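Both complexes below contain chain A, partnered by chain B and then by chain C.
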Partner chain A sequence: MSWDEKLLKQAKKIIKLYPQKRSALGTLLHLAQSKDGYISDDSISVISDLVGITEVQVKSVSTFYSMYKQEPTGKYLLSVCKSISCEINNSSEVINKLQEFTGLNNNETDEDGLFTFEAVECIGACGGAPAMQVNYETVEGLTAENAINLCSWLKEKQPDIVVADDMQKDFGGVKSFDWAIKDNSGATSNAPGFQTLKTTKAKK
Partner chain B sequence: MSDKVNLNVNGIDIQSDSNKLLIEACEDSGIHIPRFCWHKRLDPVGMCRMCLVEIETPRGKMLVPSCTTEITDEMVVDTESDVVKKAQEGVLEFLLINHPLDCPICDKAGECPLQDQTMAYGPGESRFVEEKRHFEKPINISEIILLDRERCILCARCTRFSDEISGDPLIEFIQRGNKTEVNTFPNEPFKSYFSGNTVQICPVGALTSTSYRFKARPWDLKSTRSTCNGCTMGCSIELNSSQNKMLRILGVDNDSVNQGWLCDKGRYNFEYLNSEKRLKTPQKSVDNNFVEIEIQDVYSELTEIIQDRKTKINFLLGSNLTNEDYVAFREFSKSISDSEQTFYLNDDLLYKGQFGQNNELAKIDDLNSSDAIVVWAEDLKEKMPVLYLRVRQAVKKGVKLIVFGHTNETLTDIADVFYGKETVSKNFEIIKDVSKLNEIKNYVVGKNITAIIGKSTPQQSDESIRELSEFLKSNSNTKILNTYTKGNTYGAFQTLENIKGTKDFVDDISSENTDLLFVVGADPVGRSFYSNEIKSILENLDTVVSLDIFNHETAELSNFVIPVSSTLGEKEGTFTNIEFRTSRIDKLVPSPGQSISDSEFITSLMNFAGLSNDINSLEALNNKAFESIENSTRPVFDNLDKPSNLDGIINISDPIITTSENSSTKALFYTGEKLYGDSVTERHSESISLLGSKKFIEISQNIVDKFNLTSGKCSMVQDDMEVTLSYKINDNLPDDLIYIPINRRDLNKFNFSKEITFLPSRVEEALNVN
Partner chain C sequence: MKETILLTKHMRDNPEDSHLIESYEKNNGYTTAKNTLLNSTPENILEEIKSSNIRGRGGAGFPTGVKWGFLAEDEDRYLVINADESEPGTFKDRILLERDPHQLIEGIIITCFSANIKEAFIYIRGEYAKPARRVQQAVEQAYEKGYLGKNIFGSETDLDIVVHLGAGAYICGEETALLNSLEGRRGEPRLKPPYFPAAKGLYMKPTLVNNVETISAVPWIIENGGEEYNKLGVEGSTGTRIFSLSGHVNNPGNYEIEMGTSFGEFVDTLGGGIRNNKKVKAYIPGGASAPWFRGDQLDIKMTIDDVANNNSMLGSGAVVMMDEDTNLVSAAKSIVSFFAHESCGQCTPCREGTTWLEMILDRIASGRGRTSDINLLLDVCDNISPGLTWPPKMTTICPLGPSAVSPITSLMNDFRGEVESLIPTKVLL
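Up next is the complex of A and B:
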């Protein structure tokens, strides 16, 4: 079907990591997302064959979790936290301004396929609130202004890899805690960066 | 295991088996707790919270869902406290938030748990003023099932059923939170042999069937309990009618048989009852045309024939007669002649079976208590769908399943061991030394076995089946479930003697030994492995009398066609299932026109002809049927109608089957039947006809190569016959074997003991040329 040899090989490797085939489902969905930017029905059919459950069962899981996208997203998935700590620290301004800048409502993608905007629940960076993520790479201690600068930069440079440390340095503020060692590997798509999935790569 | 536990519910001390859920323990003691998602045949999920009750805990009173709470000793429970009532009101208020409340146009209204429990436990008024969520009103999730997602309360009964019970989870929850809906995968409809069960257990009107949609209100329904005669499982059913029309069949929970479930064929193959095409008047063939005739004239013409002492009479009986009907034919034959009468059943697979003293026969419940189940029979899911469910249930409990032969395809998914083409040859013989098979050594030898054993296809030799049974019997503690699949076959076994099948009919019957043939509820010309042979026999007989509910190919060859009542819903009597369990067949609707029951026809004929008889009432027939069975378990009406016997009474019998030995060891084809076909009743049941009886064959890869087939379609050619159909490659088939489902018109007209040629479809050829 629609997965090439390479991807299928990767999938089979992932399946071997689990005691039961079906336990690999979540990871395989991430893999599917890294391929298309969303979970296509085609990928669902492939995964259903691979793990031996029905297509609708795969669909059920993939639509339950909001990190599995049901539609193609833009090159950069902007996820701004709207939960309590960030809200107290004025995330609503970040949200409003970013929406203004991108012209997007919640869960919308622009016509050029560059940005998808979403306001999300806590992303675990409360200490550095308000926070947001670009393709799940986190930036903390934001201001509305910096958030817009970040997006302008993305729009202008359109980097293929986005790296949390870099963005934090250029656009972030107070961090929740020191992130220890420097990491120059970042996300290559709108799937979270996992080594096993090859969705992360070091920036040269 | 069965430790007793004491608990106090609402101030009353009750006792219950431990390991029960609180909701069950209360139910057993007559304390009803409202519920939506809990169903006693499904695993608990605690989805709906309707069953909240208060229990006392070390930290004070606590609300818990009684459907997921196991009882413990000394548990103190309150199911009616103010807190519980408030919780129930709250749950219902939440459930109703997004419920459309379109009861006036909902099929479920009047028998709807949501309506009923809102009345009993709900808040009096709605506080909800916002907009409810909307979905497209019903969508077809299959040809026969509709889903109205607005009405769904997300109890997961339907999804659990399809996952846990039927094992074909084609519906699931999609999305989450308040967007959650039940749905199928795009373009993967809910194609399940058991889909109707979800409609029955849906606690609201979210799942409905096209068959019953907008047909009636529950309070207008008449209903009665009966037995499905669709196969030898004999599932317990409830018939529903309104204004003398049969409208619906529901499953009844008979613990030892169907546990509430039905297959879709049993559930929906009743619609033919209301067909305009039903035979209504007796007919006689005059110069190859049928003309209507008075029933009295039929009697008098037949009387003349019968009274001629030289007349030789034979019977070809279908499987859809009641035990009482069979007895009527038996008594009729006795009254005309002293010599032993042979009764031919319309069954291509009839053979002697493993009965008698040397065989311990199994009950269906033995499946659950054995160590392993060994199957070699017709494909269970296609032929006895609810028996398949029971096998599946046993397998889930840990019973090992060992399946022989390519004929049991649908079991391969759940089988622990599948002995396919390497073990069972193209000629349906086990070609390995069974005693040397490792899994047999591990799972079978010395264990408690239930063997589901029957003939898979007409060309299989009797010996091959016997060998396997003998092996099992001598190496393990084996109970045998002899598997004949058609309707009331076991009723015929219990009531008739000298029983033979269609094969012997073809070998035995000719105008030499038969002047008058009664064909009853059977269309072998339209649907049998031996169609052609039977057709030429019938054409040569002097007088053929057909009793049936529709005209069909066999009736067309008859001299008289008598319209009769259907065993389903139109007559009273009894039915005997695969474990010799006899239960009630009941009547709910009148039969059309001048139809009478088979037994009424025969007794009237006997009276007309002045033949002495003592079977002038149904009760008399019913008594006669079971004369030899001792009083306490005799399945006569009085006994069966006792509340404790509604599930039927088992009397294991030793049938007198006198088929000649089939020693053929050469099969050119593998003919079988799929659940849905195009028999005369199926054609006239809209739901069933929608489910398709497409013509196809299954072939092994080497045949694809041999005949150079590429397009997915081919033509089957023999003499001047040609049928174009699609083929599927089936890797389970041994080389050179072709599976042909012969419950499709045209397909059974081929001669399967002769070569058939398969050509790449001519249609495709024409396309390729262009």
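Up next is the complex of A and C:
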């Protein structure tokens, strides 16, 4: 087992949240991804021991869901929406220009490990179409030009935390909804799924 | 027309900090839950929900009171909040999660009291990482205050809430797929019967699965009474509803309105009309799964039944306007691609059919279509949903496959000329 003590402790806390061990599987996969940026074979083996199911069962679940990455992901995961509201608001231009800028095909990561590009289905930002996410932080009301400016900025500054509000202010346009809470929390990795699940609950 | 503000009141009045418990409590938050737990009975709450006539806001429009009434007796029962909002065009739950998570938690407390449930899960789609952080923070605040955990508000009631993140699968919005996912399995819909999670749900135990918007309405209904809620809107579609408006409109956004107005009035007033004064060519009345209406059908009323009587559905309340310049074949292709990508792969008609539909539409959209493609499209559709009726007949475990058929039947019924015009009549060399 190559998960360190701290991670294992966190994993065991997560398992306790659920009535049955296996229910923790999805959350543990998010945890694994926050460690490595993808679901490694090593994590699969650790999780299978923790949850008490076979490695194949873990793998079959991890490959079902598009957010569990099977290969290492860049520091910034660029997910551009291509579903209906974005499509009719010219998302294809954003996608084409960003692919040109990064030189990446769909689901590809650059050699420096900086960007991973993906065209994705609806991210729930239809009122601010076209929209994209950087490490699951949403930017709405994009133009192709602003999307490139955003990526140039990421490339130059390489911030460790990306914050939706900041990106929206500098590179976004129309938003899905207007009344906004100032929020400086952001995504600290390309697998922000897990950071939302602190396990501080006072369980029964 | 004006909005009727119930569920979005707190977030509008307190735009800076509506997500924090201090702000929510300052505006009488949690008093309804507290009164309920200390002074009411589960039967009373159920009666109020029934008399409100609220119907589920996730898409199917099932009467919420009836669903709660179904819940089978068992020692272990669960509430699962479906926050897997992924239907293209829909972003209403996102605002409720992001801006007013305590309203949802209060709704959960009241619901669990009424249904005698001790454990609730909020299943949030993985891409909603930021809304999920807010909800998790809100849950932790509620624990600190003693509004969750043991002996809530000093009553006999115990309740735990676990926030669970999905990982990018639209199909998990289907309730049995969501339950499988929450059990740590692939998000594949379950074979029916059993039809209702209220009989056999999570771990095959009785489970209520309700949408975020439905449960967020519970505190208002209990505070003001089911009868008051029932007075809003129209018969069969009572109360307010948050519609997500997008597409070629001047003012896209979430609008909370009473059901019963026409789509045209909604778009022209709150939506600010179509951009650049263009005409509407077609529009989607209730999310990507819903058959389209034409631009000359804007007088249809926004109620569950009116839309159903016109052979579509109000679904998740996502209205997408497409102006006269829209390439409808590309639009249909985008929707079909979505379903092809999101098909879980269990049933052959859906897995293979949606992929073929995508390929054929792609061929037509790129100017390489064949004359025979129109009949081929219809034939593939017929194999997924025999007879192309509405509501659709099914050859599959869940409605995802038939949903991919909707935009194509809309194209063929109303815009066939546009498809044909893209197919070259000369032989391509």
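The definition used in the following text is that the second predicted complex is superposed on the first by the 190 of 204 C-alpha atoms of A that agree within 3 Å, B and C clash if a C-alpha of one lies under 4 Å from a C-alpha of the other, contacts with A are read in each partner's own complex, and residues count from 1 in each chain.
Criterion: a residue touches a chain if its C-beta (ideal position, glycine included) is under 8 Å from a C-beta of that chain, and two chains touch if they have at least 3 such contacts.
Since we're looking at a predicted model, the values are computed, not measured.
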item: Fit or clash - chain C, chain B, common chain A; value: fit
item: Which superposed partner A:Val56 touches (first chain B, second chain C, both, neither); value: first
item: Residues of chain A touched, compared between chain B and chain C (which is higher); value: C
item: Once both complexes are placed on the shared chain, angle at chain A toward chain B and chain C, C-alpha, multiple of 10 degrees; value: 80
item: Partner chain(s) touched by A:Leu17 [first = chain B, second = chain C, both, neither]; value: second
item: Which of chain B and chain C A:Gly26 touches, first, second, both or neither; value: second
item: Touching partner for A:Phe64 - first (chain B), second (chain C), both, neither; value: both
item: Touched partner set for A:Leu104, first chain B, second chain C, both or neither; value: neither
item: First (chain B), second (chain C), both or neither touched by A:Ile161; value: neither
item: Chain B versus chain C as contact partner of A:Ile44, first or second or both or neither; value: first
item: Minimum Cα separation, chain C to chain B, after superposition on A (Å); value: 5
item: Chain B and chain C footprints on chain A, overlapping residues; value: 53, 60, 64
item: Residues of chain B defined as touching chain A within the complex; value: 168-176, 183-186, 188
item: Chain B partner contacts - residues on chain A that touch it in the complex; value: 41, 44, 53-57, 59-60, 63-64
item: Contacting residues of chain A [partner chain C, same complex]; value: 17-27, 29-30, 51, 53, 60-61, 64-68, 79, 82-85, 87-89, 120-129, 133, 136-138, 164, 174, 176-183, 185, 187, 192-198, 200-204
item: Chain A contact footprint on chain C (complex, rising order); value: 11-12, 15-19, 76, 85-91, 93-95, 98-99, 119, 125-130, 132-133, 136, 139-140, 143, 149-150, 158, 160, 162-170, 181-187, 203, 244-248, 252-254, 284, 288, 318, 320, 322, 326, 330-331, 334-335, 337-338, 341-342, 344
